Every structure is written in structure tokens, then in C-alpha cells.
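Naming follows writing order (A, B and C), and every chain is counted from residue 1.
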Amino acid sequence: MANESEPAKPLDLPAAVKEAAIAALVALGLFMLLIGIRTDQGPTGALVFTTRFGALAAIVAAVFVATLIRATLLRGAGISVARLLPASVSTAASALTGYAAAAFLVFALIVPIVFYGNRYLLDLAILIATYTMLGFGLNIVVGLAGLLDLGYVAFYAVGAYSYALIAHYLGLSFWICLPLAGILAAFAGLLLGFPVLRLRGDYLAIVTLGFGEIIRLILLNWQNFTGGPNGVSAIPRPSFFGLPFNPSEHGFAATFGLAYSPTHRVVFLYYLILALALLTNWVTLRLRRLPIGRAWEALREDEVACRALGVNTTTTKLTAFAMGAMFGGFAGAFFATRQGFISPESFTFAESALVLAIVVLGGMGSQLGVAIAATVMLGGFELFREFDQYRMLVFGGAMVAIVIYRPRGLVATRTPSVSLRDHKDIPAAIVRDARTETAA
Amino acid sequence: MSAPILTVEHLTMRFGGLTAVNDLSFLVYAREITALIGPNGAGKTTLFNCITGFYKPTVGRLTLAHPDGASFLLERIAEFRVAREARVARTFQNVRLFAGMTLLENLLVAQHNALMVASGYTLLGLFGSRAYARAQAGAIDKARYWLDRVGLIDRADDPAGALPYGAQRRLEIARAMCTDPVLLCLDEPAAGLNNRESAELNAFLRAIRDEHGISILLIEHDMGVVMEISDHIIVLDYGLKIADGSPREVRSDPKVIAAYLGVPDEEVAQVEAEVGL
Amino acid sequence: MEYFVQQLINGITLGSIYGLIAIGYTMVYGIIGMINFAHGDIFMVGAFLALIAFLVLVAIGVTAVPLALFIVLLVSMALTALYGWTVERIAYRPLRHSFRLAPLISAIGMSIVLQNYVQIAQGARVKPLPPLVQGGYTLFEGNDFAVRLSNIQIIVVVTTLVLMAGFSFLVARTRLGRNMRACEQDLKMAALVGIDVDRTISLTFVIGAALAAVAGLMFLLYYGVIDFFIGFLAGVKAFTAAVLGGIGSLPGAMIGGILIGLIETMWSAYFSIEYKDVAAFAILIIVLIFLPTGILGRPEVEKV
């Protein structure tokens, strides 16, 4: 069990060395061909290879040493990896949820003011806010209703393309296109919901993955309508309720007596996505207290019991999909207007995986957790921008590590939606995700 | 003996080659406690699943008659409709609570349908309608009432998963009652209860029958409970009905005794012929 | 007609490769109820290992193709099996008693790790290999179209059949097979009667990975080019095949594989090649709606 601390054991050097040797041998086997040898296309187009035995030796040695350390020092001192990771983050986050949320919100509101001059940070803030909103949307489906959706990017894509194409062909303004994009995405959510109604756990996940890929492939191949791999460009940029963000005399800057600056639009975009995210958050919190929200959570806990109580689980599931999809669609529309250009490349499975990771890391069902997780993940991503190739590798490894050592995510409690006397939080260990019969 | 609330006619349930329930017919009378007993594997829970719409019977008819005259053919109705429209509530052999939700929340989910309508299918509720707030307060009151009746009011805000086993069983019954059923189907409500708890359960079930006029159908192995509170007992064995009558009649029925206790080898053939195997 | 027969041959060959990968999915799902999302990437790793092993063999002087291929087969099976074992130990075993979604999320993470690991280690560009197994037979001709059965196609199908037979024997007749079947039925009970559950599960992953390695080698020989991304698509299609055939059923995995291979090939040939992957996903969805237990699967009655 990854989370139990191990009792201190006497130092057993021969056994430790043997363990380290075995680990090193395994490492040698794993890396001998793929790291030890590097293949490339030579001048004739045929493959040639070079050896990297130095790197191989270094890695094998590192594995040996690391295993040795783990087997001796750490075990001997009774430290397990699980305890090295701050468990306090979970409990602290839970206890201070109210304060943390308020602080977070205040910080989010003043970001553009504090970082006005830093275009890079503003863009990063917009990115984080976008993924937070996506996380809120997916939270409804995965966190509340317990329906594992691996194809959430499909709704993001539907929203983005709906906005882009409607604006392109019908020339409607952003404020009209936005709800339309959401409705179309919600419709896509229903479309996805119908086939998966009777599916459980893993099957549901794979089908939603398939759905996401189907959407992407259609967008990629339907050249006449969606522009295929070239995507849709020249997407109208947002205006400040009719005032365009340009240097003209009818522009935003001129109307408010400010010197024109391209940053105006960026700040507007930031507040726009922040508002959308906060709207999503507000709606979700309210829905949790309404019968539909409770039905979602009950569905996650035990679907059979729901049906025995007269809950129409079909409509409950479809509503979850539609709501989650709608918010994904809003985020997509925002994405389209912010970028000015979209293509199917932005809507791959990796995006779905990223949003899912945010929801899981955040502690499924917790809004604050999602916001923190999005900040941490995307912030972390940006920090390691130079190590582009290694970023994804670390991301994958982090996903594995988090689910092993911190399975319940950052905010490890569930807040009841209603209470009689005391409003107590429920520890995550008791809260169930979608129950199936075949758990090992 | 009042009018029958549930009429089971020629019910048969086959799973591939296995016949779990075999041409079963019986009546459950209104405002009575009817017990369904029999050795393990007799088909009792399968029967429950057919009645509550979780299984579709291979053959047979299940007619539910409400006191106001409305009639339902349960074998054709999906399980959530059986609960919602026919108003048949049930509990499960392995308690199925919403473990991560509080007791209060569990009981509110039971009142989902009424609350959904009151919230205008969410839209009105989203914008804070007064009518919904009233409806929710009413629902909380009902929940409070039933939590009090099962003695769990003090733990209303605790997660259901944290309750001890006996309390979980009581909560499940309270939750079923919150759906305003006319027929309450209980699957082994006394399992794992000690004598005192069983006595409390007996009193509770009798009160439900007398004060609320609800008919109860229960599967049970605890003969103390069964003989004590049942108005009517039906005995199953290998999917067949082998006895149907009052506790006194059933208690002394030789077929029932044979099914439970077994018979000496010499009499096996004779008893089997009697029972119809 | 001739065109159709050719597509049939191609489809069966492709389907055999999918089938080999599908076996890994179906075995793991049968025994511990999880979709090994990273299995497709294990297949990809197997293909890369085969490629590199081959280059090394040629460089050290083993030029006889049959001998080289045989050694490559053994080496890649062994090393890929090691990958399968390692992934299970690191990413899945600690989660065996965790919540339902945990192994799937871990598997997704592992899939990302494997893809990027290979991408970093070997570069993102495709790796071509000159056709090693050449030649074949012209079966018959007509309408200006010659139906050809190439040697590599024969090798793929025959290898698959042999492995299937061997594997079925393993599951039905050996002790390991019996242990696997016991674990599939009831993991707790299997442990209680003394079966080393950890080891059985590990071996399941190892065998699945070894078969995926064979598929990788076949893929490499058949298509002549690989890259770090082939695992994703092949994985999804192979999983579709496993589900189509009935998850948990070995012959089902193979039948499902052949069917998917045929459908994909026919769709590309007669309709549109761009949407062939859509066809695979769409089939998955259709199968799961109408035939949730697949063709050979056991119908599951929900225990209430």
C-alpha cells in the first residue's frame, strides 16, 4: 500500500545491494536498446544508428543508486515516499477551503492590474483560467456524476468551431455566438450521452474517447466545411460591447480617453474568461444544492439505489453530459475568439487527458481544487517550457505518481449540499466514485 | 383480510438454463405484513427484483393495485418507474446507501421527483424561487421525521458510510419510506441485528403498517421476526411455492419443515413427490 | 471480385496484428477488470525494439534474414515483456485496491510516459526499414487485377495462428492457465486457495506484452515504417476488437481483430481512406450499444 508508512527496519546491506542490482539489471534490459542505441535517418534515407552507452551507463547507475538509497536509508529511517509528499496540503486545503477560495478569487481579480505590463503572464493567466473553466465543466460529468469522460475535448472543439463558423458564415456578434456555441455543444453532449447510458466505468471511458477522436477526425477531413487541417482563420475578435479594440476613433481606447494599447484587449479577454469561469462555478455550486445536483452525486455513489428510489438515471446522466458539454462549448467559443484561428490540432486526446488530470488532481467534485490544480499544472508546464520534450514525460509520470500517492487529489473532502445542524465535511475516503461490480 | 395489493400470477424467471422462480402465484394483501421465506437460493431476491422492475420476468404477470383504484402491471415497467409511479419501494440485501452523502442528503435524494417538479426542473430553483425553498423545507421536515422514527436524527449530518451496520439498515428503510410508497419491499431487514434491535425493528414495521397504512413484503431468515409480525407467510424452495398461509399454518406445515430441516433419507423420495420436485 | 479478394487477404493480415494486441487487452481486463490503456504503447515499444535489434544484428554481421528475424523476435519479446512487467509493477499494482478510476488514470499517464520516452529517445521522425521479407505468390488474375499473397502476409497469419494455438493450450491445460482463469473468476478466492495472485497477474501482463511485441515486429515488417505514435491508434482499434469479440474471451479477441482488420481495409478500399479510423471508433460505439458483451462474451446479469 503506497500510503502506509513502513516501520523502521534494521540496515540489511546485502539484501539492499541485491535489490539495487536487480533494479539496475531491469533498467539495463529496459533501456539497453532504446537509450543505448539511437536511430536516425541517414543521408540516403535509410536508418543509421549511433551508440549512447555513456547515457545508458549513467541511467543504470542512477537506478542502482536510487534503489540502494531507498532500500537502506529511507526504509531504515522509516520514511516512505508517500510521507515525503506533503499530506498536509490535503488537510490544509480542506480546512482552509473557504479562506483559500476567497483569497484565490481576489488574486484572480487583480492579476491584470498587478501584471499589466507583462504580456506573457497575462497570456498565461488566460490559459489557466480557460483550463479552470474546462475543469469546472468536466467536474460536473466526472466529479459530480461520476461518468468518466475521456473525450471532453470534443465539446471544446464543437464550441470553438461553432463560434468560428457561425461568425464566419453568418457574421453574428460574439455575444450571440457564445450561447449558440454552448447550445450546440450541449446538443453534442446529448448525442454522446445516448449511446453510453448503459455503459459502466471503463467502457464508458473508451467510448467517450472514441467520440472525441471522431469529432477531431471529422473536423480534420471535412475540408469544405471546416477547412480541414488548415482550420478556420480570421475569426472575429471580441469587442467591448460593440467598441472594437483598435486604435480608431470609435475604438475602445478612444472612447474611454486612453492611449491605445494592445494590452486592453488582452485584459478584456482575461476578465471575460474569468467571468465565464466564475459563472460556471456559480451554476455548479447552485446545481449541487438542487435536486439535479444531488441526483448526480447519488448516481456516482450508487446507480442501482438511485433507480430503486425512482430517479430517472437516464435523464440524470444526459443532463450531466449536456451541462458539462455546454460549459466546454463556452470555453471553446472563447478559445476561438482569443486565438483568431483554430485547427483540429488543438483538440487532441492530450487535451482531454490534461483536463481530466486537472479534475482528478483537484479532488473530484471540488471547485477550488480544480482551480488550484489548473494553476499548478499549467504554471508548472510553463516553468519548464525550455524542456519541451521532457515536459510531457514528466506530466505523464506526475499523473501516475499523483494517482498512486494522492489518489483523492488536493482537496480531499466533500462538502455536503445541505445540513440539518452542523455543516461537516466528509473525508474523501468514504466518498465513492461510480461503482461497478468488477473492481478487483 | 383486505383487498390484495399485489397479485403475482404464474411468475417464472429463467436465466439461461437456470429457473430461479417457477410458476409462482400468490397474493399480497393491503395493509398487511407478508413474509417471504425459504432456504437460500429459493428465488426470493429474484422475485423481489421482478416485482421492483430490475428483472423482466420470463413469464407471468404482476399486478399492483393502489387503494385509490390505480392499477399497474409491474412486469412491464422500468425499475425507476416502479418506484416513482407504482410507488413500490425496496431495500437491498447488501445495503445500498449513498455512502459519501449525509443521512439527510440520502433522504432528500429519495424525494427527488417531487423536488424536481417543485424546482421547475431546475430552472426555477436556479434562480431562487420561493416555491422551491418551501418544497425543500418540506422535504427536510419529512426527512427529519423519518430519521427520528429510526433513531438517527442525531447523526443527520454524518456520512452514511460512517454508520454502523444496524444503523445503515435502519437508514435504508427510512430512505425508502421517504418515497411515500404503498408497498414496501424489505430484503432481509433483520440481518445482522441483535435481539434488541430486532424487537425495535418489529415495533417499527408494525407502526408503519398501522399508522401509515403501508403494505409490507419482506424477505427474512430470522424466524423470530417472521413469526412475530407477519400476517401472512409465503414459503419458497427451489423457485416453487411450497406453502402459503398464516404463521401458525406455515409453522406446522410438514413440507416447510422438510425444506428447512431436511428429511431422513428414506423419506426423501416421498417428500420430493409431495413438494413436486 | 479480384479486388475484393485482395482486400480480404489484406484485411485478415491486418486483423491478425490487431488480434495479437487485442489478446493482451482482453486478458488483463478479464483478470483485473481494467483497460490497460498503455498496452498499445507497449506494442509500439515492441516495434521499436525489433527495429533496433535488427539494426544491431546487421551491424554485427548477422545478415541471414531468417536467422536475424528469429533472434529479433526472441529479443523483442523478452524485452517488451520486461516493459510490460515493469509497467504493471510501477503503475498498476499499487492501485489494485484503490478506487475504480485509479488504474485507468495511471494507465493514461503511463501511455503518455511511454510515447514521450520513445519520442525523446529516438526522435519524433518516422523510422523506415527496407522490406526484409519480399516476394509472394500471385493467386489468380482477372479484370486486370492480380490477387497477390505476399510472403510477409503468410508469415503474419501463420505466426498468429501458431501463437493463438500455443496460447489457448497454455490457458486451457497448464497450471498457469488455470491460475489465470481462477483469478479471472474471483480474485479474492483465488488468493485464499493459495494461488500467487501477484505473480499470476504479472505473468498475464508479461504474456500480453510478449504477444504485442510479436505484433510490433509483424507491423514493422508489413508496413516498413514506424513512429512513436502508432500505439495510440492501434491500441484503440485492438481494444475495439477485444470488446467486439467479447472481452475476456481469447478466441473472441482474435475474431474481433480479424473483423476490425477486415472492416478497416474494406472501408478504405470502397469508401474513403481518410475516415477509416472513424469507422473503427464508430464500430466500437455501435458494438457497445447493441452487443455490450460482444460476440463471444458471456451476458452479464446485473446483480442487484
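Everything below uses one rule, namely that contacts are C-beta pairs under 8 Å (C-beta built on N, C-alpha and C of every residue); 3 or more make two chains touch, one makes a residue touch a chain.
Please read these numbers as outputs of a predicted model, since none were measured by experiment.
Novice: State which chain is most central when centres are taken as means of Cα atoms.
Specialist: A
Novice: Across all chain pairs, which one has the most C-beta contacts?
Specialist: After tallying contacts for each pair, the winner is A-C.
Novice: With centres defined by CA atoms only, which chain is the most remote from chain B?
Specialist: C
Novice: For chain A and chain B, let me know how many angstrom lie between their CA-based centres, rounded off.
Specialist: Centre separation, chain A to chain B: 43 Å.
Novice: Measure off the straight-line distance from the CA centroid of chain B to the CA centroid of chain C, and report it in whole Å.
Specialist: 48
Novice: Measuring centre to centre with CA averages, how many angstrom lie between chain A and chain C?
Specialist: Taking the average C-alpha coordinate of chain A and of chain C, the gap between them is 29 Å.
Novice: Using the touch rule from the top of the page, what residues of chain B touch 2 or more other chains?
Specialist: 54, 92
Novice: For chain C, what residues touch not just one other chain but two or more?
Specialist: 302, 304
Novice: Please list all residues of chain A that touch 2 or more other chains.
Specialist: 304, 432 - these are the residues of chain A that touch more than one other chain.
Novice: Name, in rising order, each residue of chain C that touches chain A in their complex.
Specialist: 29, 32-35, 45, 48-49, 51-53, 55-56, 59, 78-79, 82-83, 86, 90-91, 94-102, 104-106, 108-123, 125, 127-130, 187, 232, 236, 239, 243, 274-275, 277-278, 281-282, 284-285, 288-289, 292, 302-304
Novice: Give every residue of chain B touching chain A within the complex, in rising order.
Specialist: 52, 54, 79-81, 83-84, 89-90, 92, 96-102, 104-105, 108-110, 112-113, 115-116, 119, 122, 125-126, 132, 136, 140, 144, 153, 156-159, 161-162, 175-176, 179
Novice: Looking at the complex, which residues from chain A come into contact with chain B?
Specialist: 283, 286-287, 290-292, 294-295, 297-298, 301-302, 304-313, 414, 416-424, 426-427, 430-432
Novice: Going by the contact rule set out above, which residues of chain A touch chain C in the complex?
Specialist: Contacts found on chain A: 1-2, 26, 29-30, 32-35, 37-41, 45-47, 49, 148, 150, 195-196, 198-199, 201-203, 205-207, 209-211, 213-214, 217-218, 220-221, 304, 349-350, 353, 356-357, 360, 389-390, 392-393, 395-400, 403-404, 407, 432-440.
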